[in-house]
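The following pair of complexes shares a single chain, chain A, combined with chain B in the former and chain C in the latter.
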Partner chain A sequence: MGLEQFKNRNVGQQEYVMLDLEHTPQSPIGKFKQVVKRTFKPELFVGLGVTMREMINALFRGQMHTIKYPFEKLPISPRYRAIHEMLRLLESGHYRCIGCGLCEKICISNCITMDTRYDENQRKEVSEYTINFGRCIFCGYCAEVCPELAIVHGQRYETASEQRASFSLFEDMLTPIDKLNLQQEYDGFGAVTPNADENIKKTPLAY
Partner chain B sequence: MSEVKTVENMVSITIDGTTYQAKEGEYILNAARANDVFIPAICYLTRCSPTLACRLCLVEADGKQVYACNAKVKDGMEITVDTPNILEERRAIMEVYDVNHPLQCGVCDKSGECELQNYTLELAVDSQSYAIQDTKREVKNWSTVLHYDAALCIVCERCTTVCKDMIGDAAISTTKRGGEPLDKAYKETMPKDAYAMWNKLQKSIIAPSNGTDYTNCSDCGECTAVCPVGALTGRDFVYSSNAWELERVPATCAHCSSGCQIYYEKKHTSVFDRSEKIYRVTNEWNYVSLCGAGRYGYDFENRVESKDEAAFNAAVEAFKKAETIRFNSVITNEEALMLQTLKEKMGVKLVNPDARAFQKFLDAYAKAAGQSLYSYDFKEVMATDFVISVGASLRNDNPNARYAFNNIQKMNKGAGLYFHPVGDTLVPTFGKNVELFTHKVGLEEAALYLVLDLFADKEKLPEDVKSYLDSFKTTATKTVKEKVMKNVTETVIDEETGEEKQVTKKVPEMVEKEVTVEKNALVEMLGKESDAFDATFEKMMKKKESFSMIVGEDLYFHDRYENIAKLIALIEQTTPIRVAMIPPKTNSLGVALICDLDDEATGYTVGYNENGNFRLSALGNGDLDMPAMNQQEGTLTNMHKRVTPTNAALEYNGYELNDLMKVLVGAPDLTVDWTEKLPVSKGFKTAKFDDLPNGYLNDGTENRGYALENLSCEAEAINVEKIGENSVLEGEIVYRCNPQRQFNDFTDKAHEIFEGFGLYASPAKAEALGKKVEIDFGDRSITVDVIEDDRMEGDITALADFKSEADVYSLFGPSRYRKVTIRKV
Partner chain C sequence: MEVVSYRSVETFVQHIPEVTALGVWIKAIIILAVISAIAGFGTYVERKVLAFMQRRLGPMHVGPYGLLQIIADGIKLFTKEDIVPQNANKFIFMVAPVITAATAFIALAAVPVFPDFTIPEWIPVIGGTFVPSIAADLNIGILFVLGMMAAGLYGPLLAGMAQANKWGLIGAARTAVQFLSYEVVTGLSILAPIMIVGSLSFVDFNAAQAGGIANWLVWKQPVAFVLFLIAGFAETNRTPFDLLEHEAEVVSGYATEYSGMRWGMFFIGEYANMITISVIAAVVFLGGYSADGMGWLWIMLKIAFFFMLMLWVRAAWPHVRPDQLMWLCWKVLMPIAVINVVITGIVMMV
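Take a look at the complex of A and B:
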């Protein structure tokens, strides 16, 4: 496209269409008449009717569209990346984290650190686990890479606190054992795809 | 193994259409690796015998399927790495390895460095066709350092192979797994090699070879190094870190004179303590084998937070008034050169008993042999097929010398003679052609004369030596019984016909016969029966082509060391034997070459990691802290006559020797600036520290630092003396010798090394001695615990010298053996 049309700055040569508008009333009485005419149209009552209907729906039929934040909160998308949570195994209540260190490795802001040890039950125990929320950019890589769906992004988006450290320990993130029944499965990045079964090749078993 | 590739011993082979040069008689796999060609293989270890456990290295050579790990190259050989049939075999083998392998890669200590994982991906195994019921396999701790998770084991037998062929302990072996038999149908449907491999795999598992749950070994941990999966790990390392988190610092092990190449692997201590810590030591296990001290003795650092100026000033004052500096050989070449500079500029005496003894010995040898250094390094020793060890407690003095001795027996169909006063139960197990001479203390000269007698070209020997050797020979007549076949004619009655028949049979009969035998009094003197030895020696010499001799510390601390050094030079002159020496401590060779040492300490003494009026110490217990070997850069001269670089793994914030030098006599900015000043006249090169490489090439060439030049000097005529009868010791004798895995205060500081300070004795002797004894050396005495060493034999006990505090060196004086009185406490 050439630039010719932009170079034509002779505005007066173009074909403008003039609208056929009423003239603005000049006399006081003319102005008054225009106001009355514009105000008392039937559309006013259509609008008032809609408002009345919604008010009745909200108040008496339980169709309220606003919520009372902070007492009420809207559900958010499973892909939302809020403060991390550590999930437990539903069967045993043991934490899911196996201490593989992948979250620590993949973390692009280097904010996850963990210590592991060989415990008395010959298992790998996560003896320390912290996330430095001062550095975390909530990219979600840790949740995506986690092979056990142990570290996930929760729904807690209010992260104002006197200290960021309030969130950063393993125990703070871990599902409280008495609320295990309320633990939600994570559906965000890194979760099992709905058609996962179709993509798996079965291994024969000799039992 | 010379590093120069001559044209004569190279052949050309073709791999997948490309022509390569390979050493004659080399296995195809090694030849391919040397030329950077990839052939998959799990179970093969470069310097050990092929086990054929994994069968992955199947290739097609000249149209025939062979295993690359045990088929040798031939000139003009055409090799195809992948054929459709071989690929099918390999894929089936990897599928079999994956059967029932626990899916715990997330926690496994291999953390991605796993060969099973790599080959599964390499061969694109994405589905499983085989199945068998699993067997319960339990986690076991084999020793204080070894952790074995049988469930992860793929029974490639690399651990058992390295333990037998390299280390010589043969402490682990395959045993019955008790698994289900394979489904018969697989035999028809599976590729052949995969089935055979699975059949063997399903029947075996690794266990200590002594039948108990615990290994009886030297705890070197080499098995954990070679394990391709996470089955074998150091107990301390289990689940403590992922491999990818650890930063690898290439270094030289500072514990003994082997100077092995190691990597210190470090990361932060914990979530809360961000200071770095060494988690483990790893090595290039295809090319170098570590001992327990190298692998587990890594946490000997001296943590110093800041520079202590008061102590530094005190040190400067101490140096100014010092008459003597006492030090040991656990220092770098650069530090040795600094001390030598102090001697030149300030006139202090330098006292280092182990290096001094070695220096004198080396000088005597150089004068006689006409070269500044011994002929062979230990890699060359390893390539020979007949090895002799004199004056070294092979098991304790130097692990690499022991590995070489053992490897010769296992890999080169070799033979070995081991001369030592302290009986050993391990050395004879190295091979069936190993003869032990447990001789009297002080008869090392007799051993060397025997070597001369056995190997020397009699034409070349000086007349007096020849007649001296002949004087030991006596002929005697002896009646021996001999088996003779004799014809006997009998009359038998045929049972069926009743006829009498004459039958002639051959019946063996023992006939007594008089023979003249030559008796060699030298052999008898060294504690063996002469004619029995003659017969075994004849067997040992069969098909032997190359000969080497290892000499050790006993000879340097011998009162007739000069004569011994001459004898060794004479052996090199008149026999095909070439000699390699074991420097007594870490950098004794470097110190001996660089420093001008004195015999006696006098006056005010500054001790560097040793006792003194003022103590510099890298152990954290001195008047001024110094960096330990894992905290400093520099070079070490190892027994392979090589100057190898080592790097700082951990931080150190205090003063170092170079800071003192700057104040005292002026010095360059960094310690490593001294590297290029090392004396060229002693064989060093003017190489910058930063230019020194520290690694191995794919064909096993040691690309570390540089080799010392063996300078030729004027040789004096060799006039050897007769065996000194006076140096023979009898009675209660104590030997100055460290237990395995202990070399110095630094190994003692490491938390994974448990061998204690004390008097080591054979089980019988330990029982007789009780728990604690006082050893009376005449002028002084020492009270120590008695520790049983079940690999020792005989009455000679061994007192450890690794604690510099106990000052065992001065107790023994110029000898390694002392006659003492031992009292129970």
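Take a look at the complex of A and C:
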């Protein structure tokens, strides 16, 4: 396979039609003819028809574009990297984090601070864990490096707050224990969207 | 009093009760209240219809389906600061919106707006009063209405010239040019129906078209109907011809420096004029109203159709340039209107 076919960017069906644009008439009679022709063309009424069709589509065929945003939200990709979430073990309800510190190490904006200690069972326990969201660039390395799928990126993109500390404590990011059954499992960093098959048909990877 | 004594010599409607001054007063108050309310509601309808045509929802959050948006707008307009620019001619600046609103409502005085009715006897003081369908049933009704709408030109004109603002001045110039030009087309286009009916009274127009759709003047005068509609769009400053306050060119035209209720009065005047034009078109060309049965509903539907058409056109069509506007008026519409009048005259003589 040569490179030539990749360099050919004209990948469409080449069904272009040259429009027959008339020249502006110069003679008075030509101008008059143009006015009469344009007057009795149904173009204006085609325009009225288009808007009426859109109105019918919107009102009766469920094609209204408006999303009433604070009350309705568009679904976002599972790969979206919003505020972090700390997940729990489904069996015991204990948090998954084993205190390995990889996320702290890999964080390229140095925004993760964690402190650990041994608890009475000589198991590592997270005594302090904060993410400075004033610095976090939401690169997703922490979620990628986490061996336990303990820290993931959630879907909560509304992060306006009065304080930087609002979202950043370990307890804030941890799944509430009473909502453990609602905890969404993360497919892992680089997971594809549910409609990836459709999308890839629209923009194929190879010609 | 003028009106009442005038009415007593009218000959064409003998059977209805006598119109008293109290009845005219009540009618005037009804027109003011209802048309102001409809004008306010018209803004809501306009926003909704435009939104639907662009597949949006429009106002939704104030009240059910945004119905109370009118009240919110009203509160906003009434409580906003009324700013008068420093270099403006203060008296003219302040009086100009009143001219627009007043002429719009005065025009409605000679237009049949709602069916006539008698107030029930059990209501104290005003019981038994006959309220006519027209506040002032002039026998030159159409002339009066067109004249009043033409006088409404002084509102935007004075407003634009008094406010010491270049956009306002351009808006005022465009007002004068556009309204004066299209006044010619309105008058000439409605002349042919007047010739056929032989009267300037709306009641006579109504009577002349009684008895079914076949008698409507729109079938006899389709050209005049189209011309009148086009000129009506220009005179009410609606979209294909809304050069007066075309925001992409002249910010807000003559209304640039206005705020609060003074701006609101321009708005109410514009919507009242839309209703007036709709009523004239419905009465003169589309058969008007019939006193019996569902006649009131039909006239409402006809008026609503024209109102809707103005919104529909606004959603669909682009603006024209000022030179195109003048070209259309003087080189196309006016000759056609004159030819239409001449042909109508010839056909009537033969």
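Rule of thumb we're sticking to: the second predicted complex is superposed on the first by the 122 of 207 C-alpha atoms of A that agree within 3 Å, B and C clash if a C-alpha of one lies under 4 Å from a C-alpha of the other, contacts with A are read in each partner's own complex, and residues count from 1 in each chain.
Methods note: a residue touches a chain if its C-beta (ideal position, glycine included) is under 8 Å from a C-beta of that chain, and two chains touch if they have at least 3 such contacts.
Computed from a prediction, not measured in an experiment: that's the story for all the values here.
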{"item": "Partner chain in contact with A:I98 - chain B first, chain C second, else both or neither", "value": "first"}
{"item": "If touched residues of chain A are counted for chain B and for chain C, the larger one", "value": "B"}
{"item": "Touching partner for A:T193 - first (chain B), second (chain C), both, neither", "value": "neither"}
{"item": "Touching partner for A:T113 - first (chain B), second (chain C), both, neither", "value": "first"}
{"item": "Which superposed partner A:N121 touches (first chain B, second chain C, both, neither)", "value": "neither"}
{"item": "First, second, both or neither for A:A58, with chain B first and chain C second", "value": "second"}
{"item": "Touching partner for A:T130 - first (chain B), second (chain C), both, neither", "value": "first"}
{"item": "Chain B and chain C contact sites that coincide on chain A, given as residue numbers", "value": "none"}
{"item": "Of all residues in chain C, those that touch chain A in their complex", "value": "49, 52-57, 60, 312-313, 315-317, 332"}
{"item": "Chain C contact footprint on chain A (complex, rising order)", "value": "35, 44, 47-48, 50-52, 54-55, 57-59, 63-66, 68"}
{"item": "Interface residues, chain A side, partner chain B - complex", "value": "98-102, 104-105, 113-118, 122-125, 128-130, 147-148, 201, 203-207"}
{"item": "Touch list for chain B against partner chain A, complex", "value": "106-107, 111, 126-133, 139, 180, 183, 238-242, 244-245, 270-272"}
